[in-house]
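Sending over a structure as structure tokens; questions will come in a sec.
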Amino acid sequence: MARAHETTSGTLLPTNSPAAVWAAIGAVLFAAQAGAFFGFVVGVLGDLLTVTPLPGAAFVTAVEAAVEQIPTLLSRDVIPNDGYWNGSRWVGTFLGLRPSLAWGIRAALVYLYAFAFAGWGILGYRLYRREYRTADWTPRDDMVDRFRGHKWGIFGLVVVFMFVVMAVFAPVLGPTTVDENMRNSYSNEITYWDSDAEAVQTTLVGEANLASQSRGDNPERVLPMEYDDFGRFHPFGTLPSGQDLFTFIVSGSRLSLVIGLLSVGLSAGIAASLALVAAYYKGRTDLGLVLASDSVMAMPQLLLLIMLTTVLSGTWLAEIYSGGFVLALIFAGTGWTYMWRSLRGPALQVAERQWIDAAQSFGQRPLTIMRKHMLPYITGYLLIYGSMTLGGAIISIAGLSYLGLGIAPPTPEWGRAINLGQDYVATGSWHISLIPGLLITLVVTGFNALGDGVRDAIDPQSDATTEDGAAGRGGGA
Amino acid sequence: MTTAEPPVISVEELKTYYEEDGFIRSSPPVKAVDGVSLDIHEGETIGLVGESGCGKTTLGRTILGLNNATDGTVTAAGTDVTELSGRERRRWQRRVGMVFQDPQESLNERMTVGEIIKEPLKTHDWPFLRVAVEDVDAEVKGSDVTPCRPDRAADITVRLRSDGTKVNVREGLPLTAEDLDVSVSRDGTTTVSVAVKRHKSELRRERAFELLEQVGLTEDHFYRYPHQFSGGQRQRIGIARALALEPDFLVLDEPVSALDVSVQARIINLLEDLQDELGLTYLFIAHDLSVVRHIADRVAVMYLGNIVELGPTREVYENPAHPYTVSLLSAIPGSGSPWEGGRVTLRGTPPSPRDPPAGCPFATRCPAKIRPDEWEFPERTWRALDELRVLFRTRARSERSATAALKSLVGLDAAGESLTETVEELLAEHDLSPAAQSVIEEALEHARAGDDAAAAQRLREAFGSRCDEEHPSGYDEGPGRTSACLRHEPKYESVAEVIAAREDE
Amino acid sequence: MSVGPDEEPLLAVRDLEVVFHTEREEIHAVDGVSFDIHEGETVGLVGESGSGKSVTARSILGLVDSPGSIEGGEIGFRGDDLTDDNWERHRGDIAIVFQDPSNSLNPVYTVGNQIKEALRIHQGLRGNEATDAAVGLLEDVGIPDPRRRVEEYPHQLSGGMQQRAVIAMALACDPDLLVCDEPTTALDVTIQAQILDLLADLQREEDLAILFITHDMGVIEDATDRVNVIYAGEIVERAPTGTLFSEPAHPYTEALLRSIPGRTNAAERLPTIEGEVPTPTGRAEDCRFAPRCPYAFAECHEMPPEHVDVGAERSAACLLHEDGSEEAAERTVFDGSEAVSGGDSA
């Protein structure tokens, strides 16, 4: 279907099929980090599948082990940062650099890779739009163009993107791993340079943690961007338990993102379906749904949460994502009403349009009408409210974890970090609560900004007036 | 078209009421269509005219199955289509098409023109590819084809001859005999297997291209979005979509009202051409009488859910029988108007379809209303009395705002005096006999007490006539002409005479 | 109403230019429009959609908003050029009635409230005085039971009554000129007749000048004294109404009249104009109607035609009327009996 290729693409390569080149680049990019991507997928699904009888925990562990074998370009093995000083130089780190630099390089490369991948995607879209698409203009084009010029929206998009990258590549980004530093800290050893003994020593990670706690002022703290006494680099400092805060944060981000997406996804699905049904059938159906949603809204969400979390603790449901799954279900089950309300208005407006009548006139089925003729017009609103609700979900999860109600310890979660540091806020170890707090604010602002950008981009006013250009063509009947 | 042939669609005493859709029904239903009977013959264009709120759009939609009928029947090919639902109704909707009024609104902006036109085809999995085997009783097999029922027209006909099998594909399908693989096996029963070498989606695309050309657009337009077309072109797309499934009958709901005059002319020409080419029957709904005059063979005039006049276009326009038709025609501005007499301006507004008048629906505004013999008033006085009745009726029906109600409760309301003032102003220059005066006083008493409905009733009792009591049925005013006016009874003066006389007064 | 040629016009529009700057292009919605309105007369401005007539109306009232702006010409009202930011001075002298009354009336305020608002601003009336004046206005526009109606909300009134209320609001400022932008297009034909009668009465009683803008030729014929035909931002013909309809001088006017279904025999095909109305994206370099004109010749595509007098108080912008052109020798005025090619095009 590709047309004969003219020079409009401006490709440097004199090629007949830019699409093939683009695809090849994509394949290379993906292959480089395939292990990490698969690791993410397995990590997310694994927790879910572990509790199901079929396929079972053993299967999941086996898959995880297999995935770890997949060679990845930017991994801890290729760019290690946990080496030790042997008196004259660094051993075991990337290119013999200091751990901080090695870590910095790895983290920077990960983000560089992510942006390169994103750039590749955008390039592909532009290529498709310019060369391969048969229609030379679609209604989406206007929206995309408007979003491109929206600075605040782009800011939001960038922040959200970086957050997602953090979640996907969490195991690679931290200076150490959750397994080594937190879960099995007494089964792992580290080597370090003992400045007193002037020799290389080994010790258990757990012991090292005990000696690196942040509990107040100097010297009982490890601040951000500092090394502890064992030659380990801590970009965000350490927790009161001595564990590395940065690793805590990045692995916590995964949970926040997954639970957030799950709850908002479910919410949006329920809300959109019900909104379409209410708008299509109107009358009694609509009235009934309004009553139902009002009743659900009247339920106290927090109380319900506490009650269900307590009741379900110990069951298999509470095992998934350390209680995060239950959270997601409760959020979805009680939160769909707000999104439904917001979507109901636009859905009702769409239902009044004449093309719905037209589709009914030649006997189109209701479900198809809802999908084809109504849904595209509320997706914009879905994105707006969805992105803002996602921000809200992240705050809620953090808040609940702070209160000790959400994710069960010791699973890392941003809210818990704040909780752990709350006693030290006024002391020298201020970083423990402040950093996760700032990050939450930043991420949620990012989501809201993204929502703003999308809202302005889909502005239905502009859609309607483009033909007469705001009465530019004389208006009239 | 002769009236001897059975009509293609027969509407009988159709009633479509809109009820309030809630759990508690507090207001009376809107009687959009209130007892309409109409026969539509094959190949004709029947115009349906009337002003907003008369129910013409609802009538068209009920025939199509978009609205549910409350009572009455719509018979097509022996079946009452108002009783159909679900799959049966969708089958019916294959055979009728509808063209909508607003070209900006009737096309989904997010779909390409090609997708819009193909959608009805996709919904019904067109083409149906019905295969009929002639002369021999045979089983038909094939994944893309269906055996043709004896009462339907076949798309593919297979003739089994001694010198080989002959395959015939009907015109209108973008398919030829070469695209089919027909094989016959005869063991015990004869089985004819038909395989179609082309994909249905391909056939649908071809059909879409064909339709685009039929309506005057080109293949290129298949890939574009409605947004990129002008109003007239979009209406063509709407027409193409309506014709996709090869219907016999089209309901056109004000198809040219939203278009400029020059574009309108082109679309009207297109519709006439298509009717000739495809042998279509049209129900043409419009409020523009000049357009209807041009395109329609017969015209039905609607008012408040009733057909008040029906007949061949030329005759109705040159010699309208019903007073409403007279007013409608005389209201057309300009020298292009078909009316040559003076303008008969109607007073007031049509009554609400929630509360239609008992008796003749046009009674409240009729310029030829029958007046009771007891009183001898000039026409102007009668008109003032009519206005008074409408005044009370409107008050009876209107809701009062909370502040106004409160005011009257507390006694701050000057409504009583203002009412007397209003009534006095209205009847200022009219010489009313003392008997009439006392009736009006009585009515005012009721109104001051807050019972406007009783006031209206009092006036009706005194000044009303047969027109307020009886709902006129259609009177025969010539071959194929009916008109629903009591004046057509021989004992009354004719409509035209009365109107002329009263206008002179 | 006959008007002496040397009487000062109430409104004198000269070479008005309104340009809309959109992302994609520059649209010259009004491109050199000139016309006069004298006191007490009704002037029509007729054209199809995209012709620029609504923009003209809005510019007279100073309602043109970005991305559009007035970029040339002048609008003279009693000698003042309104385009010099003089609209505030003449607020109240010119009023406008728009097409859709349900859009012109604020649904959350009563009708009386909205009329009183206008009365307060333009005549300084308040309280009971204002209410009485409002009731009087409603009466003037023929709304029955005005004392009751003044307390009602727009949705309680029918379309025709709403438009009457809008006219009452316009009259509240005691204007000298009433601009009506498609005032009856959204109304039924019998209600339209009532409104046209009302406007004619009001004109007589209040000595109003009316600028009547519409696309409906029939309404123009009945309601106006003089007509301007506008096409693609330019006025192509000016004439007294009766003459325009019996002897159109411009091919576009002729074609427009032909397209009206009422003027063609029902058995015949309707004559049509090929092509589409162009969107003027620059100043005129040729006759904008030339691509669709059945009488066009070479020069028509090369230069924009100027207005030429073709009779008593009438002019047309068509090269066929220029002295010295060969084609002009053959015809000066169309008698409406020639067949225009009746083709359809995409």
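As written, the chains take the letters A, B and C, and residue 1 is the first residue of each chain.
Note that in this section a residue touches a chain if its C-beta (ideal position, glycine included) is under 8 Å from a C-beta of that chain, and two chains touch if they have at least 3 such contacts.
No experiment lies behind these values; they were computed from the predicted model shown.
Averaging the CA coordinates per chain and comparing them to the mean over all protein CA atoms picks out B as nearest. When chain centres are set by their Cα atoms, the one at the greatest distance from chain C is A.
Centroids of chain B and chain C (each the mean of its C-alpha atoms) stand 32 Å apart. Separation between the centroids of chain A and chain B, computed from CA atoms only, is 55 Å.
The geometric centre of chain A is 58 Å away from that of chain C, both derived from CA atoms.
Residue positions 477 of chain A each touch two or more of the other chains.
Shared interface positions of chain B, defined as residues touching 2 or more other chains, are 260. The set of chain C residues that touch two or more partner chains comprises 48-49, 215.
By the touch rule above, chain A contacts chain B in their complex via residues 134-135, 137-139, 282-284, 287, 353-355, 357-365, 368, 372-373, 376-377, 463, 466-467, 477. Put simply, chain B touches chain C in their complex at residues 51-52, 216-218, 221, 230-233, 260-266, 268-270, 272, 287-291, 293-295, 313-314, 327-328, 330-338, 343, 345-350, 387, 390-391, 394-395, 398-399, 401, 404, 415, 418-419, 421-422. On chain C, the positions that touch chain B within their shared complex are 48-49, 110, 144-148, 151-153, 156, 158-161, 188-194, 196-197, 215-223, 245, 255-256, 259-264, 266, 269-273, 276-277, 342, 344-346.
Note for the complex: chain B touches chain A at residues 21-23, 64, 66, 89-94, 96-98, 100-102, 104-112, 119-120, 123-124, 223-225, 227-228, 238, 241-242, 244-245, 258, 260.
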